[in-house]
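Letters A, B, C, D, E and F name the chains as they come in the text, with residue numbers starting at 1 for each one.
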Amino acid sequence: MPNRKPKILVVNPNANAAVTAAMAEALAPLAGAPVGIEARTLEGAPFGIESETDAVTVAPMLAELLRQEGPRYDAFVIGCFLDPGLNACREVAGKPVFGIGECAIYAALTQSDQFGVLALSRASVARHKPIYRRLGVGDRLAGELPLEISVAEAVGDAAVYPRILARAKTLRDEYGAGAVVLGCAGMARHRRALQDALGIAVIDPVQAGASRAVSEILTR
Amino acid sequence: MPNRKPKILVVNPNANAAVTAAMAEALAPLAGAPVGIEARTLEGAPFGIESETDAVTVAPMLAELLRQEGPRYDAFVIGCFLDPGLNACREVAGKPVFGIGECAIYAALTQSDQFGVLALSRASVARHKPIYRRLGVGDRLAGELPLEISVAEAVGDAAVYPRILARAKTLRDEYGAGAVVLGCAGMARHRRALQDALGIAVIDPVQAGASRAVSEILTR
Amino acid sequence: MPNRKPKILVVNPNANAAVTAAMAEALAPLAGAPVGIEARTLEGAPFGIESETDAVTVAPMLAELLRQEGPRYDAFVIGCFLDPGLNACREVAGKPVFGIGECAIYAALTQSDQFGVLALSRASVARHKPIYRRLGVGDRLAGELPLEISVAEAVGDAAVYPRILARAKTLRDEYGAGAVVLGCAGMARHRRALQDALGIAVIDPVQAGASRAVSEILTR
Amino acid sequence: MPNRKPKILVVNPNANAAVTAAMAEALAPLAGAPVGIEARTLEGAPFGIESETDAVTVAPMLAELLRQEGPRYDAFVIGCFLDPGLNACREVAGKPVFGIGECAIYAALTQSDQFGVLALSRASVARHKPIYRRLGVGDRLAGELPLEISVAEAVGDAAVYPRILARAKTLRDEYGAGAVVLGCAGMARHRRALQDALGIAVIDPVQAGASRAVSEILTR
Amino acid sequence: MPNRKPKILVVNPNANAAVTAAMAEALAPLAGAPVGIEARTLEGAPFGIESETDAVTVAPMLAELLRQEGPRYDAFVIGCFLDPGLNACREVAGKPVFGIGECAIYAALTQSDQFGVLALSRASVARHKPIYRRLGVGDRLAGELPLEISVAEAVGDAAVYPRILARAKTLRDEYGAGAVVLGCAGMARHRRALQDALGIAVIDPVQAGASRAVSEILTR
Amino acid sequence: MPNRKPKILVVNPNANAAVTAAMAEALAPLAGAPVGIEARTLEGAPFGIESETDAVTVAPMLAELLRQEGPRYDAFVIGCFLDPGLNACREVAGKPVFGIGECAIYAALTQSDQFGVLALSRASVARHKPIYRRLGVGDRLAGELPLEISVAEAVGDAAVYPRILARAKTLRDEYGAGAVVLGCAGMARHRRALQDALGIAVIDPVQAGASRAVSEILTR
């Protein structure tokens, strides 16, 4: 291990600085570990990743960033639930790269047989289906429900909490979810209240991804 | 239906004109159908798609091309077995878009319970595994074998045929494949000889993708 | 390739000539391809295939027909969504044989992640379940809904269209289907209107099966 | 329950009386139960079921027989590992109908996590694959090996035992099978010796099917 | 086979003698077979198995009992739908051991493509999910519904029958179950009435497990 | 969060103190995080968990320990790859409980599409199969190979390293594993050398389980 304190770069692959700020806030609880964590906005990215086109747009930009920054960090985290460009980033970074979507789902599975997901929209729900098949977690998915809110609302609008809570209760009570994954970066500020209200684990993907990177570095 | 003859654009998403020429040759047998088919090289693309990074690089370029050309064609075919950017292309083209990888696999499944795939390399075999899971065809896959040849050899070197034949026979005799898919664009010139030698269906993905587009247009 | 124009035989495995006529009408758009297509009623078959007993009854009759006609055609299509006797027909025909059920499902999968099916009845829905498991497409099936109409109504009664449209909208909007398969031969006349109204692909199985056979012949 | 002793009809759906005799012998140990069991050859059937065509040929014959005999028996057993016409027979018999293939596999699964199958030939192995997918037992199948013997040899030739034993040991030791299913009617006479030699459960399908029918009648 | 009449021990792994009595009653119809069947309460067990903790508590007690009783019986049946300690019991008993949960599910699958389960409670439904995945039967499960009754009510209270019937009809009519499994030992007295009312197979797990053991002994 | 430093209890559910010591050594790298971690031997447990009987024996002992210690710790880790009694422990502990087997597999899946497992013995390999099905990770498993070494050798005998390395290379090169899981607690001392030699991630389950618990506490 190098003498310098190891560092993780968490990349927000959209240009919305409020999301990056929300990520940094979500990562604060991990500050106790002897690993530095930075959150950074991907310059030139679309303002949100709300379509397949947005996702393919940012993927090569992420790969290019990680190719450049590979030597300066010990691990990377792709900060979008869709894990855009994850495998390409792994090819070029020369360091471990984690996707927050995968990390959140697997974290949920270490705590419950069945997990639920809160997605931003119906379109997100449809977009996630092939991902769950690719990961092989479909039989563990209790259900996924759309919140029908924008990224901006998810990140900054306290008024959406009642809707988030209502949908999460439905996942728990009607779908049988024993853990709930927040299906978008930037919703971490609702996590604790939600977990306390539900009495089951609630997973923020940014925390899940960065935790996995920290663990990897500590035990490497 | 417009008065003009309908047109399909088959895009070779790498910059290797020999592959595009091989595609055009593969598409000649479809000329009898009342649909025009063009094969075009994606300008600015990498010379081959031989990594995850190559795949994410071409995806937004393909989406941009299809956004521009959407009004001028009736259907599009993405001419790479990995189907890069397929869903993004569908979002922007406003016309049906087919991936040659998916079309080849499903064509094989209409002819046999178990299919085999001939991949260019071991790395390709690994890259295809999550795709097969995403498509849900894993239980129909008899096996996939690497040829360990380059794209250039696949397209232009007649000397590789014996190796292709040997691997295909292994798929048929040891793995139980009842149909064999050529796992790369540009290998069509070996298809007929291989099918005759094997006595089972051999599917060229470019032909499979373009055939699907032609059928879609004829019956729309 | 022989000098004569290649020919495909599409067999309607029930004795209902109205279904055969509907098939022929569905196949007219494929007439532009340089392949002849005939639709023929299976003599002596039950008037409809509405039970497992009907399906097993026609299977050996189909195999016998294809054994006899094998030398005179270049490919065969079994014109029933249940694909009765498909593997037996392949053993005896000496030519490629396609089942319209399989071809329709795979055609839908080349256009959407999730497909829906419109079945004639609740009994049909139950009968299709093991078929989807056998094909391995269960995780791609958004849902299947019964129309509760007879074959006669499906083929000849324009009054059933509103019900077909309503069920198809449910598949799209509530089940998340991105393509809809007509789960019975003979419903093709509703296809275009339905596709235009839904804005997603609608697949007629007879067209899908015959298209696959035409493609096979053109590229063989 | 009627006053008469309940009766089960086990139908051998091929015309080989030696197979029917072997079935009767296999069923002798069940004679202690208060249920009568008859084994009968299907008149007019092919001499063996060694192809898909044979299987579709006997299916409607079985359905016709069970329609006629339905009132005279309390349950039926289809005596071929492929379970030809099983669902059609259920429609017409008006009594429970069991397939020996399904019953044998499920019996094996009540005794071991992983089962193996001894098939007559490579062609049988291929024919069973879609059946296992349809049943959903693929992940429990340790493996299936061909014996490359004829039905006649399986039924009547003691000289094949060493080969059966060798293949069964391979299933146990290399494939991890904890139970072995004899994949053809008529091999029961090898069952006990094989089980004693292997030290794991060996399932004869005819016994498994008839046992299931007896249990059903006793507890109905 | 030994001269003495072979004997099966069915163990009720809870301390509720009413459940053991209900089991003995359920097993009476099997008395005609030349095999003795005893039902025994597991001394020292919890009064019911209504939690994961109950299940892990009884597992080593069952293993210890079967280790001791192994030499005195020819087969064993674990009389709880969760099949607690089944594999451990198999290690120590030196005789075949059957779990009633597995046996009931596989018995249902020999009679219908889709099975339903009536569970005591919502908690039971959740507890069964990973079991179905482990067994690989998830795609055959039409659905499972909670009765929200206690074991005591299930065993002894005739007043619960209308609720059982209502839920079973829902499984048949809305979920498409073609066979219904009673998801708890001790409900056998409702089985025949339920089967007659539904017109489809209803499986009592204790009968299914003991039947499987009897069959095994008769054909060993 | 309480003022005291949060504490995790990692329980070694066998009586082998050398394994507990190896666990403590494996956990040392996590000492930097602001969470206390204790490793404790389960008193009265068998010396190793090498059978199903061992596993069911320790499960209620673990549940009893966690019931007692629940109030004194913030999270628990069950230190055996089989995760014995995990769900029962969750019922009684009132705190998050993690199984090292599950955590190791999911950690591997966050780093590679395909994982391999090094098991102690052939019997372990067989025992893990139903676990992988239950978890739903079978399609991500490249393969599992037995080391045929004892727990004592795994923990304390440096001479076994060449065999471990050889098997791990086979998993990587012949089975296509992109990450390797050590399938037993106590092998952590080989982890780093193995990872360096292989160039792919190697996961120690004790580290994976404790890391997951630490992450959970930091972000709760």
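Keep this in mind: a contact is a pair of C-beta atoms (placed from the backbone, for glycine too) under 8 Å apart; a residue touches a chain by one contact, two chains touch by 3 or more.
Going by UniProt, the chains are A, B, C, D, E, F = Asp/Glu racemase.
Since the model is a prediction, treat every value here as computed from it, not as a measurement.
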| item | value |
| --- | --- |
| Separation of subunit F (Asp/Glu racemase) from subunit C (Asp/Glu racemase) in steps, with touching chains one step apart | 2 |
| Minimal step count in the chain contact network, subunit B (Asp/Glu racemase) to subunit E (Asp/Glu racemase) | 2 |
| Between subunit A (Asp/Glu racemase) and its twin subunit F (Asp/Glu racemase), rotation from the CA superposition, multiple of 5 degrees | 180 |
| Centroid comparison with subunit E (Asp/Glu racemase) (C-alpha atoms), farthest chain | B |
| Chain separated most widely from subunit A (Asp/Glu racemase), comparing mean CA positions | D |
| Of B-C and E-F, pair with higher C-beta contact tally | B-C |
| Subunit C (Asp/Glu racemase)-subunit D (Asp/Glu racemase) separation of Cα centroids, rounded to whole Å | 33 |
| Centroid spacing, where centroids are CA-atom means, of subunit B (Asp/Glu racemase) and subunit F (Asp/Glu racemase) in whole angstrom | 43 |
| Multi-chain contact residues (two or more partners), subunit E (Asp/Glu racemase) | 130, 133, 136, 138-139 |
| Contacting chain pairs - touch in the sense defined above | A-B, A-C, A-E, A-F, B-C, B-D, B-F, C-D, C-E, D-E, D-F, E-F |
| Residues of subunit F (Asp/Glu racemase) that touch subunit D (Asp/Glu racemase) when the two form their complex | 125-126, 129-130, 133, 138 |
| Complex contacts: residues of subunit C (Asp/Glu racemase) adjacent to subunit D (Asp/Glu racemase) | 51-53, 55-57, 59-60, 63, 85, 87-88, 90-92, 130-131, 133-134, 136 |
| Residues of subunit E (Asp/Glu racemase) touching subunit D (Asp/Glu racemase) in the complex | 29-30, 32-34, 96, 98-99, 102-103, 106-107, 109-111, 135-140, 191-192, 195, 201, 204, 207-208, 211-212, 214-216, 218-220 |
| Subunit F (Asp/Glu racemase) contact footprint on subunit D (Asp/Glu racemase) (complex, rising order) | 113-114, 139, 176, 178 |
